[in-house]
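Chain lettering (A, B, C, D, E and F) follows the sequence in which the chains are written, and residue indices restart at 1 in each chain.
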Amino acid sequence: MFLLVFFILISHSSANSVFEFCVADLSQPRGPSGYACKDPEKVTVDDFVYSGLVDFNNAENLSSTLLHNVHTPQFPGLNGMGISMAQERLMVGEVVPVHTHRVSEVYHVLEGTMLTGFIGTDNKAYYKTLNKGEVIVFPPTLMHFLINVGSIPSFATYTFACETPGTQVVNNAFYGGNLPSDLVEKITLLDPSLVHKLKKLFNGTN
Amino acid sequence: MFLLVFFILISHSSANSVFEFCVADLSQPRGPSGYACKDPEKVTVDDFVYSGLVDFNNAENLSSTLLHNVHTPQFPGLNGMGISMAQERLMVGEVVPVHTHRVSEVYHVLEGTMLTGFIGTDNKAYYKTLNKGEVIVFPPTLMHFLINVGSIPSFATYTFACETPGTQVVNNAFYGGNLPSDLVEKITLLDPSLVHKLKKLFNGTN
Amino acid sequence: MFLLVFFILISHSSANSVFEFCVADLSQPRGPSGYACKDPEKVTVDDFVYSGLVDFNNAENLSSTLLHNVHTPQFPGLNGMGISMAQERLMVGEVVPVHTHRVSEVYHVLEGTMLTGFIGTDNKAYYKTLNKGEVIVFPPTLMHFLINVGSIPSFATYTFACETPGTQVVNNAFYGGNLPSDLVEKITLLDPSLVHKLKKLFNGTN
Amino acid sequence: MFLLVFFILISHSSANSVFEFCVADLSQPRGPSGYACKDPEKVTVDDFVYSGLVDFNNAENLSSTLLHNVHTPQFPGLNGMGISMAQERLMVGEVVPVHTHRVSEVYHVLEGTMLTGFIGTDNKAYYKTLNKGEVIVFPPTLMHFLINVGSIPSFATYTFACETPGTQVVNNAFYGGNLPSDLVEKITLLDPSLVHKLKKLFNGTN
Amino acid sequence: MFLLVFFILISHSSANSVFEFCVADLSQPRGPSGYACKDPEKVTVDDFVYSGLVDFNNAENLSSTLLHNVHTPQFPGLNGMGISMAQERLMVGEVVPVHTHRVSEVYHVLEGTMLTGFIGTDNKAYYKTLNKGEVIVFPPTLMHFLINVGSIPSFATYTFACETPGTQVVNNAFYGGNLPSDLVEKITLLDPSLVHKLKKLFNGTN
Amino acid sequence: MFLLVFFILISHSSANSVFEFCVADLSQPRGPSGYACKDPEKVTVDDFVYSGLVDFNNAENLSSTLLHNVHTPQFPGLNGMGISMAQERLMVGEVVPVHTHRVSEVYHVLEGTMLTGFIGTDNKAYYKTLNKGEVIVFPPTLMHFLINVGSIPSFATYTFACETPGTQVVNNAFYGGNLPSDLVEKITLLDPSLVHKLKKLFNGTN
């Protein structure tokens, strides 16, 4: 009976390690392609499951803004997978100001009405109001924004084409960090009093 | 006033084409990395928006199963973006049988209770019951499955780390295509009567 | 004499480490792109040579099935090289049942007559009988199979477009691992008695 | 004499096309990985040479700002090469305001004294004054800037890790394009009068 | 009966095109990532099979050297697959002189005794005599060579980690092409009479 | 005031680690994709700046040849960035003999007149004399060379499409390393006396 013999051979010849995944071992240093892999013997299904997101069906009970990233450090199973996600809830009128990521983003409106858009390198803006159920894709690196222009709090998910999409919010970068005011003025063309005001708003050092 | 001069120079020296996106021109042949790009002059925001998905908040009105892929051919703006998505609704007890994709998948339960899992190349199964709000990542190529084990219809989205994830459903591949019955028997180890029955169920040629 | 001076400079300015290879140091944890590199000072030509394969010219003396993988863990020199191989011998009538890999495979028949094929995501099967000397390429992730339909034992090599191709045999995954019988039934559509029989054949836990 | 025979065989068996380069045929549509290749028979060394840059040794004769990109459309030989460059001259006090690229940039000061820096996704700024001969690397996507803080006009080259780095200047994107003023106000937090002033400065539509 | 409904939905929602392969349409121009795809409707299994190789078991009947490449132009099914192969037969004492490829190569001796090796960027040579059945991996770009040092004609296959590995034979490049003799002398350090002799041997223009 | 709340949330939800860079920690072993990352807390702007190059404006004071590589080990900030550079100065008549790199190179003449070129896999040479200010791109892996054919010392920079381009100089590889003379003779077709002479010139072992 050849078949049986053959199958057992396959089992034996395959290593007792699986190379299709590499759950992040956060205790080790990472490299350019991600974290070192956790010992496969100790990997369980829980390494591939993330339970920290909010239940969308109870969205109406939430009274505040929400942004929840599910990237490699929070979700070790994503390491090396080339994908990650986030969840967002915005109050009426609230804005996610202009920001960038290293990779593509798929934004999916689950609740509410969102004015969204991005700007091309030729400075042409592509923007539209999305109703619930609609999806927009933001190309890698290009600046984009989201505004809840509806009459109820919004809910949305976004997914990224890498496990650590690296959000850089333009305003936070300028006014929320350690860049000295005189430099901020020069590279943004804004006058000192406005820069001072914005640095205060974003808790930047002065 | 140097600044103004400089800014205008940048505008002139940048080509009037944007390389951060490449909306698929479906009328041209595609290559290994995707479709040729639509003329950038004719690209509008609508190329980056997809409106064909179902509104999840009206899920309770849906009486039937749903699987809606949003990949490159349906959504030309995804071309070259390295990401795509799909939407799924399953009735109580319904199963998405074992299948594979070329790339990683992030599966997000929006409604219902789903028993989900995948199998490693060492034949070890990783499976768990997810409640709404939970997320699982399926590694590339590995076989995985989904079962609505709850008491209400489920709703979920999944995202893939490429624009054409290439779903291959094991049973459809075996019994729903043109593979002759005697070959199916040999490569699946099943006996002729069962193969005949399954081919009929899946509309395969005989 | 300028030339000599220049050449010596090149020798000095090049680091005494070679970045074109990265022999796997199996004692260290691996990451998503492979194992850490062995100290280049200790690398010898033997790290790039694999001697464990069978001599094909003595194939007629072999009375049994053979599957021999030459991937990273067995052959540390392949680390980071994006390629690996395997050797296979099948008795008359023997089958390598439906399985998948993460990457492309080139299958080369060195002896015998093989019925081989793969199934597309549209469920269309592409299959053909190969004579010795012929080659077939299996696309990444798509299920494929091999049957010795000739009158003598076969011999073949296959090569993969990565160093750890991750073989997943459909039947072994379903019936040879820890997936509970009731789940197997659900995701394969087979009835309990058949699943029980197959689990026994493939040594799966029950 | 075997060697001769063998060498001729190699010549014959190699196709009369070279796959190591793919000079852009700008008359054809491009795809996600670049332009279609010009007929190899018509490729000459001039396809790989770019002569439009300024001679740095005559920099002192230049009285104005200069930014000269050498990317794929201007230099067809770069197509598929994963690299491109640019040349820059700034007057005393002049600024290249905050901008982004899809890929890494190596900036090399050939003349002058430049205050340069980038901002991390944690809003921490990394900045330093570079003297001539010094080099800085800007990570992909992160916002960065350049200021001539010396007493003479500066000269520099920069190289990018792809053939079309996609410069997006933050101020030009906000104020120099078609984004309506009320949207600009919302996503930048600036008040209407300032946005109006900036839109005028950058020639944006209003 | 939910299952049936679901399966049919999958069939309908999957496009009638398969993205896991892209058989080269050689009549169209190629791009940096390969050729445009042949119309999937016209693809057959023969596009994935190559039948032009020699049967190794009849090797003893071959009286001459053989080098047979199986790359994309000869074998359209390899397009986009990231892998290709070649077959080689050398007479006793024959040499494949120093050459390079863009990608890794796995060399497998099927018959004979081969002295093989490569040279690192630190000029250290890694070389060894391989017996039949043995395998060596050559890192990308590094110069390597093969000599039949046995007493019988050799047979071997090699596989490459891309579909067009781009063989560059050092001697053919120097002496077999259009590079003028005075340039060859300068870049190789050889004197005019030897260069003249070698140009004649390799049929280079003079 | 929603905006403020939202911004602070973003700050909190982003990890205090930046994934856009991975400064090499040279004390740890590297893997196929580069070195492990230095602790982000200890990264400063100096990790991204390299100050070891020569000031080109003082080139006329240099009396000797110069080749200065700026790759990962010398410049840890390049780790994972996919780019690196080098600086070169050649005396009149001096030659950089035929060599290869793994990746594309952009060569930029800053001073002098250079005869440069590369050879295709079809043995066709592409060469030209570049004047100062001109740029040439060398495709990956293809052999190329540089000769100062002007009347003054030259100055140039080159940039590579990876952080460790791996220079392999053909003559140094043949005659400057440990390859035994009889092997060198066989793989280069040169006679013993010439090989002996060249090995002496390049300090190879004999």
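The working rule: contacts are C-beta pairs under 8 Å (C-beta built on N, C-alpha and C of every residue); 3 or more make two chains touch, one makes a residue touch a chain.
What you see is a predicted model, and the numbers here were worked out from it, not measured in a lab.
Student: Suppose you hop from chain B to any chain it touches, then on again the same way; how many hops at least until you reach chain E?
Tutor: 1
Student: By CA centroid distance, what chain is farthest from chain B?
Tutor: Result for the farthest chain: F.
Student: Based on mean C-alpha positions, I'd like to know which chain lies farthest from chain E.
Tutor: Max centre-to-centre separation from chain E belongs to A.
Student: Quick one: how far do you have to rotate chain B to sit on chain C, C-alpha fit, nearest 5 degrees?
Tutor: Rounded to the nearest 5 degrees, it is 180.
Student: How many angstrom lie between the CA centroids of chain C and chain E, rounded to a whole number?
Tutor: 20
Student: Take the average of all CA coordinates in chain E, do the same for chain F, and state the distance between these two points in whole angstrom.
Tutor: Whole-Å distance between the two chain centres: 27.
Student: Roughly how far is chain A from chain E, going centre to centre by Cα mean, in whole Å?
Tutor: 42
Student: Could you check chain A for residues that touch two or more other chains and list them?
Tutor: As it turns out, chain A has residues touching two or more other chains at 3, 11, 14-15, 17-20, 30-31, 33, 95, 97, 102, 117, 120-124, 127, 140-142, 166-167, 171-172, 176, 189, 201.
Student: Looking at the whole structure, which two-chain pairs count as touching?
Tutor: After working through each pair, the chains in contact turn out to be A-B, A-C, A-D, A-F, B-C, B-D, B-E, C-E, C-F, D-E, D-F, E-F.
Student: Across the complex, what residues on chain A touch chain D?
Tutor: Within the complex, chain A contacts chain D at residues 95, 97-98, 100-102, 115, 117, 119-125, 127, 140-143, 145, 147, 166-168, 170-174, 176-179, 183, 186-190, 194, 198, 201, 204.
Student: Give every residue of chain D touching chain F within the complex, in rising order.
Tutor: Per the stated touch rule, the residues are 3, 11, 14, 16-21, 43-46, 48-51, 53-57, 70, 75, 77-78, 81-85, 103-106, 108, 110-111, 117-118, 120-124, 126-128, 130-142, 157, 159-161, 189.
Student: Using the touch definition up top, name the residues of chain A that touch chain F in the complex.
Tutor: For chain A paired with chain F, touching residues are 29-33, 64-69, 71-74, 90-91, 93-97, 102, 164, 166-167, 169, 171-172, 176, 201-203.
Student: Contact residues on chain D for chain E in the complex?
Tutor: That would be residues 2-11, 13-15, 17-20, 22, 25, 28, 30-31, 33-37, 39, 79-80 of chain D.
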